[in-house]
Amino acid sequence: MSDTVIETSFAKDTGPAVVRAEHLGLTFPTGDGDVVALSDVNLTINKGDFVSFIGPSGCGKTTFLRTIADLEKPTSGTLTINGMSAEEARRARAYGYVFQAPALYPWRTIEKNIALPLEIMGYAPAQQAERIKRTMDLVNLSGFEKKYPWQLSGGMQQRASIARALAFDADLLLMDEPFGALDEIVRDHLNSELLKLWDRTQKTICFVTHSIPEAVYLSTKIVVMSPRPGRVTDVIESTLPRERPLDIRETPEFLAIAARVRDGLRAGHSYDGEHV
Amino acid sequence: MRSDLSSLQLYLALVAAGTGLAGLLAGLPTLGAAPLLTAFYALATLSLARLVMPWSLWLDLLLALLGAVALIASLPPGAAMPLHHWLALFSAWALAWLFVERLSAAIRRGRLPETGIGLIIPVLFGLALLVIWEVVTRGANVPPVLLPPPSAIWARLTAEVPLLWADFVQTFIKSVIPGYIIGCLAGLAVAIAVDRSPFLKAGVMPIGNFMSALPIIGIAPIMVMWFGFDWQSKAAVVVAMTFFPMLVNTVAGLNAASAIERDLMTTYAASYWQTLMKLRLPAAGPFIFNALKINSTLALIGAIVAEFFGTPVVGMGFRISTGVGRLAIDLVWAEIAVAAVAGSAFYAGVALVERAVTFWHPSVRGGRA
Amino acid sequence: ALDALTLQLKWVTQAQFAGYLVAESKGFYDEENLDITILPGGPNIAPEQVIAGGGADIIVTWMAAGMAARESGVPLVNIAQPFKRSGLMMICPTETGITEVADFPGHTLGVWFFGNEYPFFAWMNKEGIPTDGSAGGVTVLQQSFDIQPMIQGQADCISVMTYNEYGQALDAGYGPENLTIFNYTEMGNDLLEDGLYVMEDSLDDPAKVDAYTRFVKASMKGWQYALENPEEAAQIVVDMDDTGAATLEHQLYMVGEVSKLVDADDPALNMETYDRTVQALLDQSIIKATPEGAYTTVVTDALK
Amino acid sequence: MTRILPVLTILLAILLFWYAMAVHMNAPWQTTLNTRADLTEVPFTTFAQQTWAQDKPVLPAPHQVITEIWNATVALELSSKRSLAYHGWITLSATLLGFAFGTALGVLLAVAIIHNDASDRSLMPWIIASQTIPILAVAPMVVVGLGAVGLTGLVPKALISMYLSFFPVVVGMVKGLRSPENIQLDLMRTYDASPWQVFWKLRWPAAMPFLFASMKVGIAISLIGAVVAELSNASGGGLGVRLLTGSYNGQTVQIWAALFIAAGLAAILVALVGSAERLVNRRMGARA
Amino acid sequence: MSDTVIETSFAKDTGPAVVRAEHLGLTFPTGDGDVVALSDVNLTINKGDFVSFIGPSGCGKTTFLRTIADLEKPTSGTLTINGMSAEEARRARAYGYVFQAPALYPWRTIEKNIALPLEIMGYAPAQQAERIKRTMDLVNLSGFEKKYPWQLSGGMQQRASIARALAFDADLLLMDEPFGALDEIVRDHLNSELLKLWDRTQKTICFVTHSIPEAVYLSTKIVVMSPRPGRVTDVIESTLPRERPLDIRETPEFLAIAARVRDGLRAGHSYDGEHV
């Protein structure tokens, strides 16, 4: 968990870098003093990586994703996306983003909410209809096309917002706790759907989660963060094969990675070891 | 005590019955003179029976109406009315209020349908105002040149329909409607333009605030000077009047979208116009409708006021100003009544559209607009 | 204590009411043991309405409006008539080609409303010119209380008072040479203007009648003083104007013009003009019946 | 500087346009005058200057208005009846009193409407109807009526101001007080908060943006109300009276000067409400 | 999973009933047809119970909690809380509610948000300060007292809303996915804190979660629900002891219960068995 670990993981990177952060720092000024949300973050994400971010609440995961998405400006360090600045990448519509909160527009029905990015990016109506149907099926929301957001349960809203981000083709997917409000069965289902999609389309995915098994199951690379100030404490390259049946979760290799993640996570907590 | 009465309702019931009884006692010496009124006193007193037996809310309505009719029928011509008439007025008013309270409670609990029945309440409120007006002006001998009773206004209204219609066309159809449309569109357009460019916003908003605050009354003679005597100058005043509320509200509304809703648009690298059309305008809807509603009444006032400063000899404002000079106050009020009805209908139309368009807003979803 | 009376003027504070303002300022009312409150009027104030509502004891108004109000249920009675002639005129720039009444049809005429329209309609009625927009008639415009419609060319002829707007027209560069002037008094179409009116029932009270008499007496003293000392009168008017709009120059002009209309020595109603006024109002059916008791001579008789 | 520059630019554009319009609109009358004076062949620059120097122009040139404002304020004693500052103060006091009444009445009515079904159903349509009554028509009757019961001076003006300014406040506040999200209301229900508590802790803060938007409209309208009232009550002065007397005497420059003072007052008042809004926003932790 | 199972679980109830639902049904009318959110729900929750609700997204868990809280009116059946109607119970401030979304008031700082129920219920200022401090410590938010909600991360907002519900003394706690946005370590910590609190105060807790281990670890009774229409398919009485160390999660007894819950959950899903 020292800097050298991070350096070694850098060394292993091969494919072209999609996201490259160097000495990235971000400080929020607030009424009663500054909050350092990110400090000296160094990270390279390569094309086709599935990167999970895990870390205690408030450690800067969302902030990091928002910085990649050009929703926050870093206060120090550099960040490039596909060799471009974050702003250029955003203008090139390089990514799809699933926010931590659903952020559905209340004046649009669910299907219209999913249509929103398609309208903006100028998809033909027929294509829009086809994609809406496909992604709504994928997240199991068929039958709720014409409902308004406030008529859905929390988990359904979250699934609608996932469908919205999957409806258009972005090479980079930024997902902030997308499955947080979903039950295990749906989660398993969506996990394997996501893996299939990733495998088929060679997308690069940045995925924030609080579930260690989920992180290990999905990722090629797991980034462990710790708070105050938010920094990267460990980057773990997964040695699991790309093809992953659900029962891989019981293999010793899987459990070993999970244990390493859990250790990293625990190290970032103040009440370390207090309740084991 | 019957438990379905709230404390306010109970209080009203006691007031109604109490004043009824007092009226009965005060009116005893002249009992035979006004049998209808005596009957009302007796029944109002009897309504106390609601404390021990079921008492339909419709009975309260009937009683209130009886009270109103009895009062108006027994108003002494030319002389101030006796004390107990005031008691009757008070009692009938309390009964009407009680009825309204009970009716709306019944609607809220779903015992009565909203549509149709809900309309009774504002109508009754208006009726009550009219009855009080009639009784007070006639009962207290208010000079008709100060305030005529509604009955006189109604008589004048029905007698002058063609005249009123011509005035309505001149003022409402020719001045208000075009002025309103141009003023609101201009306000909306400027708000969007201003919102688009920080430079314009910094430059236009202070000056816009300044211009908009020009009192209409000062604008009216100038507009008449510039655009002539006919409806064009009135429409110009309406434009000037409706512009500001639209500008202020739209600028506020364009900022109403929440941070995360905007972030979403940013992630799509949506163009300015896409963000405007798909997020900021819908989110601004409630604010824009607020302005449209305020403007629907301002526009009419503006046109009428402008007509005070020179017109062809037709128009609601013209009729009102000359009417006061000629002491044809009943005609003035007839004109005002037309203005009020037209303005309210205009407002109601805008409000209906608002409910349909901003159905998603909590203020509409949770109740009435 | 002083007897308190409130006087409601027909228009804003200006030399048209110089007599009353001078009497107040010079203390003539105090001498008569009166405490007078003078309320200025304006384009939206109907003195008849104010007196009916109890806001004034005496009002200054035109006879046509006063008689019309009497028929609408405000029993006004004329107690004195310092103004003997009308100051109302209609002026038309010569460019319009109007030189006589027969030229009017087809033209647009500016008229003041708010109770000031009766003389015009009486005149048109007499000439047989329709005003309802029908063929061969004139188009009537509700004119603002200034001469803008003429300058703007929005009206071919406009109404003016000799002592006020006519002066504005002269100031604006219109000389008598490029105006055609129709003077109501000269045409014999004048209806009585600024008279003093009170409510009929108040005349039943001898104390009130006495106060009215002293009021008229002091007012006439004021008029005499004003007409003899126009400069001082104009200055008094300017000083008493709360709005700060009156200018000395214009008020001086106004005193000069008003002096041609007022008879400062005799406040009594001239019965000949009275009868003519009433007849004109009847002809034009502004009033429906010959008024009874619409004037009283008790006050002016007591002053003789 | 970054704040001043845009204002100056726009101001300059308006001034240029205004001078051009002044030439255009005053030209016919100037031509008449020149023809009468047998002046032909006036060069354009001279002609333009003539149009900017008329005594009673259709559209006075900006410098004429500014000179008049200067002469009528700074150059005069404050207590002088010709001073626009004096008249401005009269109007301002009626405006502020009326605005205070109007805001209070508006908020009270909105509260009643929110909390009581019967008042919601019965009041709202009539509040709206009340605003369709042309105030200029009623104002003189109100002034006469109140005068008959001995109320004169500031109060009738303030009442008319109130009559106009309470309306935007009611409409805005009804909307604002109903704006909390369902989940925020539900939270209060779980605490079994009294209506009073729901009001102070939820509805009122949630309605703040609406209140300020309404108050900005309300205070501008309140000034209009005061001016309208002054038109019906020529005694006592005020900007409305100045407008009116300027209008009888064809003193366009005086009208414009009074108008600008009135507009300036309103702009300052709106700006004051705006700074109050920013202050409150900061205290409520709004995002910068 | 038949009605008889439910009946037998009824039979086992002992302490006085806090929540008793009989044939409870709730239908939402919407623009395009009715949505049956609850149908024929029969359930008894006794004093001191820790009841977890688990079920696919949209099965009516939130709706059921809201009905208990008198935020929705049932359209059929009866519901009593402590022998009272739901409305009377609410008026008696019988419960504290943690919503699925944080529902913090944006114009109040975090500490003021937690103070809200205390102000409403008329606690003395000194007591308020003490409770705010205690609960903020409990959810590890000390140092963020003066921040506004939008200055906190998603998980921190959720913890603030938990603190708000724990700040006052209600015998019944209704918690709708309170720990959904928290990482495993904080979650474990809060789980054991919650158990301690429950043990100490003998509160009754209704707890919605999507985590099967969490449900089994915490509960004395697990209610499994299934959607369209929302109904109770299984009520599982936990045989675990009241005292529960974290490593109880590896015992065979624990795993057996978890398996039964997972079966119940899977049965409610449409893509049953598709991805195992």
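For reference, chains read A, B, C, D and E in written order, and residue numbers begin at 1 within each chain.
Convention: a contact is a pair of C-beta atoms (placed from the backbone, for glycine too) under 8 Å apart; a residue touches a chain by one contact, two chains touch by 3 or more.
Fair warning: this is a prediction, and the values are worked out from it, not measured in the lab.
Undergrad: What chains touch chain B and also chain D?
TA: Both chain B and chain D are touched by C, going by the contact rule given at the top.
Undergrad: Could you name all chains that are in contact with chain B and with chain C at the same time?
TA: For chain B paired with chain C, the chains in contact with each are D, in label order.
Undergrad: Counting C-beta pairs in contact, does C-D beat A-B or the other way around?
TA: Most C-beta pairs in contact, of the two: C-D.
Undergrad: With centres defined as the mean C-alpha position, give me the chain C-chain E separation in Å.
TA: 85
Undergrad: Could you work out how far the Cα centre of chain A sits from that of chain D, in whole Å?
TA: The computed centroid separation for chain A versus chain D comes out at 53 Å.
Undergrad: Return the distance between the CA-based centres of chain D and chain E, expressed in whole Å.
TA: It comes to 55 Å between the two C-alpha centres.
Undergrad: CA centre of chain B versus CA centre of chain E: separation in Å?
TA: Centres of chain B and chain E (C-alpha means) sit 48 Å apart.
Undergrad: Multi-chain contacts in chain B: which residues touch at least two other chains?
TA: 146, 221, 225, 259, 308-309, 321, 324, 329, 361, 365
Undergrad: What residues in chain C touch two or more of the other chains?
TA: Within chain C, the residues that touch at least two other chains are 43-44, 46, 49, 53, 144, 148, 152.
Undergrad: Among the residues of chain E, pick out those that touch two or more other chains and give their numbers.
TA: Each of 101, 150 in chain E touches at least two other chains.
Undergrad: Going by the touch rule stated at the top, which chains touch which?
TA: Taking the chains two at a time, the touching pairs are A-B, A-E, B-C, B-D, C-D, D-E.
Undergrad: Which part of chain B faces chain D closely enough to touch in the complex?
TA: Result: residues 97, 100-101, 103-105, 107-108, 118, 121-122, 124-126, 129, 146-147, 199-204, 206-207, 209-219, 221-222, 225-226, 244-245, 248-249, 252, 256, 259, 286-287, 290, 293-294, 297-298, 300-301, 304-305, 308-309, 316-317, 320-321, 324, 329, 332, 335-336, 339-344, 346-348, 361-363, 365-369 of chain B touch chain D.
Undergrad: So in the complex, which bits of chain E are touching chain D?
TA: Against chain D, the touching part of chain E is residues 66, 69-71, 90-93, 95-97, 99, 101, 103, 105-109, 116-117, 119-121, 148, 150.
Undergrad: Under the touch definition given earlier, write down the residues of chain C that touch chain D in their complex.
TA: Residue positions touching the partner: 12-13, 39-46, 49-50, 53-55, 144-148, 151-153, 164, 168, 171-173, 178, 241-246, 250.
Undergrad: If you look only at chain C, which of its residues touch chain B in the complex?
TA: Interface residues on the chain C side: 43-44, 46, 48-49, 52-53, 65, 68-69, 72-74, 113-117, 139-144, 148-149, 152, 154.
Undergrad: In the complex formed with chain E, which residues of chain A make contact?
TA: Spelled out, the residues of chain A in touch with chain E are 28, 30-32, 35, 54-58, 61-63, 100-101, 140, 146-148, 151-156, 158-159, 176-177, 180-189, 192, 210-212, 246, 262, 265-266, 269-271, 274-276.
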